[in-house]
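Below is one structure; the comments refer to it alone.
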């Protein structure tokens, strides 16, 4: 009903409920966070985004913890308050200790600093950094 | 002499040479990449930046490979060409396989997408994501 | 009086009032939002910014709705809370439906994802994308 | 073979070729641009990204031209050279005139300016911009 | 003639030439850089942008050098290659020494680092930083 | 004790207290703002960040006020609420008047606008902006 509202489980269509059920089953939780309830205003957007996140975040060559920390690193770099809050919790559930968190932030901070130094000094890419196949 | 030039080893002051030597010793290489040669125009900036990078990137609770991948994730998110080129090479040296690289990029891409969805939908932070101690 | 305060209509100078009057007349509203009241601390900044916004946002080859949606797309991409809130309302007034909003956000999200994939994979620009006249 | 190389059609696996074929059929072209050839190093990433782009960019409440212009607006705001080049061409194919392009850029520029003014002046969100249902 | 081309002085309309003349007179130079030649595809965009830049960059409470360095700081932070190149030259003309440049970059780098630390650690704004009038 | 908590002076280790003492002595204040209390969860991060900030922000070729305004310009451009709030106060203490603040923001806004115009129009760097020594 609400234009910018959140779609609660009980008010959701079967299509949306199916996604919610899969989110809870995959994450082994019994609740849905606001992000998904907001996307549910557009069931196709909800389904597509969840499918992509599920696929991307499932363990592969990188384990779940590493993936969550990378997600958090990007969110902190982009300064997205919702994403930082939610992925800090997610990363902790995946095993991130406080020491890992502060080291992660130290790398994020340093990368953001040196990114600007490289750009500001107009540093040209060294030949050795240009891989032959590119 | 050149205003925006690179400081080569043979033209460097003892102070700059000492940093260059430490970079090569720490990284077990025999060359200095352009980033440091550019910063060397300001020896204090060179020394401070190198000390911080050295300290931040040394293995701790996170290993060297994870740290390099986080650095690359931030650089890709910030779209810094020099930093992407140099840290892709650095991450590969630290053990990043091609499968790890593409998974890393998939997470970076997805985080950048959902960061904007969370902001654009004006999603409020769930109470469960607000940690008590904050 | 207040250093970071808002300049209300009744306390405004004739120069500022003239801009406020034009904003209300152009937008067919009877109030001024905080953004303009903040800029009014510097009447020249207020006048210049309003003149530019008025000129840029008036219908031309692109209609008012399309322009408002582009404004919102950029604000969501930049993650500016004030701008997202104000331009969501403005776009709705200009005719943006809920379906248009969610499609807009889907494009914004996808563009932010593929922007980083293109950068992270260091993709070179295809010759066919380099227009002759550039 | 090449670590950071592009996967050409003739060297592609059946899975990758199927995506390439769909891209060409959907876009009514006979070539694949570098972006997809780069993602093809990870067939799952290629398939998922293409499926999402195809779904998001197909006409719905917003037509193809509007979607392409929004994509370009975000890419210009993010300053991604590859994405600007490719989506400028795509938007032109979809009907963007030169007048539409310059108006689009004018809006992108103005939004980027006022986003920072709103943040820098620490402007609080007006009550009227807070929708009841949020 | 060219879609994405640059408008040279000899091919420019009287309206565009008037702006070019004012740029050269204001800057005391005898040439026009590519940025303005590109904007000239849309004479109204050219005129409006130049008028704003001229007004904003003229000395006031801040002198020309300080303004140029702030422009460069933002451009380096945004990692815009064209803007960094052009405003480095402009700042030097306004009196920026090499020592000022490297200190400027050091501040830009440090601000980019601590911005992310503040966001990533979810630091709440101290009461003393909330000014009464806001 | 708290995972995301702030380290207060009385609960701090001698190592952290030493940094706090140096911050208060350097800034001639009797309190520590939340940013440092958050970093103190990782004493090495606290010490390193403070040492860098202290070194970078001390007057050199640029005076303290100019440095604070550059810091604020970057923070506004990055849209970091904490950093904008804290550095607005810091810049005012260093002597920034209201007129200087609004001129600063005008430059930040304009730079953010023209950065995107330069990128969106794919403007090539003029030869005269490529310095010989680079």
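Going by the order they are written in, the chains are A, B, C, D, E and F; count residues from 1 in each one.
The working rule: a contact is a pair of C-beta atoms (placed from the backbone, for glycine too) under 8 Å apart; a residue touches a chain by one contact, two chains touch by 3 or more.
No experiment lies behind these values; they were computed from the predicted model shown.
Trainee: Which chains, if any, touch chain C and chain E both?
Mentor: Of all the chains present, those in contact with both chain C and chain E are A, B, D, F.
Trainee: Need the graph distance between chain A and chain D over the touch network, please.
Mentor: The fewest steps needed to get from chain A to chain D is 1.
Trainee: Taking C-E as the reference interface, identify its repeat among A-D, D-E or A-B, namely the pair sharing over half of the contact pairs by residue number.
Mentor: That would be A-D, since it shares over half of the contact pairs of C-E.
Trainee: Taking each chain's centre as the mean of its CA atoms, which one is most distant from chain C?
Mentor: So the chain farthest away from chain C turns out to be B.
Trainee: Using mean CA coordinates as chain centres, what's the chain D-chain F distance in Å?
Mentor: Here chain D and chain F have centroids separated by 33 Å.
Trainee: Between chain B and chain E, what is the separation of their C-alpha centroids in Å?
Mentor: 27
Trainee: Taking each chain's centre as the mean of its CA atoms, how far is chain B from chain F in angstrom?
Mentor: 20
Trainee: Among all residues of chain A, which ones touch two or more of the remaining chains?
Mentor: Where chain A meets two or more other chains at a single residue, that happens at 3-4, 48-49, 52, 56, 77-81, 85, 88, 99, 103, 105-106, 108-110, 112-115, 117, 119, 121-122, 124, 131, 134.
Trainee: Could you list, by residue number, the parts of chain A that touch chain D in their complex?
Mentor: 1-5, 44, 48, 52, 55-56, 131-134
Trainee: Spell out the residues on chain E that touch chain D in their complex, using ranges where they run on.
Mentor: Residues 3-4, 41-42, 45, 48-49, 78-80, 134.
Trainee: Any idea which chain C residues touch chain A in the complex?
Mentor: Those residues of chain C that touch chain A are 79, 88, 92, 98-99, 102-103, 105-106, 109, 122, 124.
Trainee: Can you name the residues of chain C that touch chain D in the complex?
Mentor: Within the complex, chain C contacts chain D at residues 4, 31, 33-35, 38-39, 41, 49, 52-53, 56-57, 60-62, 66-67, 69-71, 73-75, 77-78, 80-83, 85-86, 88-89, 97, 99-100, 103-104, 106-108, 110-115, 117-119, 121-126, 128-131.
Trainee: Going by the contact rule at the top, pick out the chain D residues touching chain F in the complex.
Mentor: Where chain D meets chain F, its residues are 72, 76-77, 79, 81, 84-85, 88, 105, 108-110, 112-117, 119-122.
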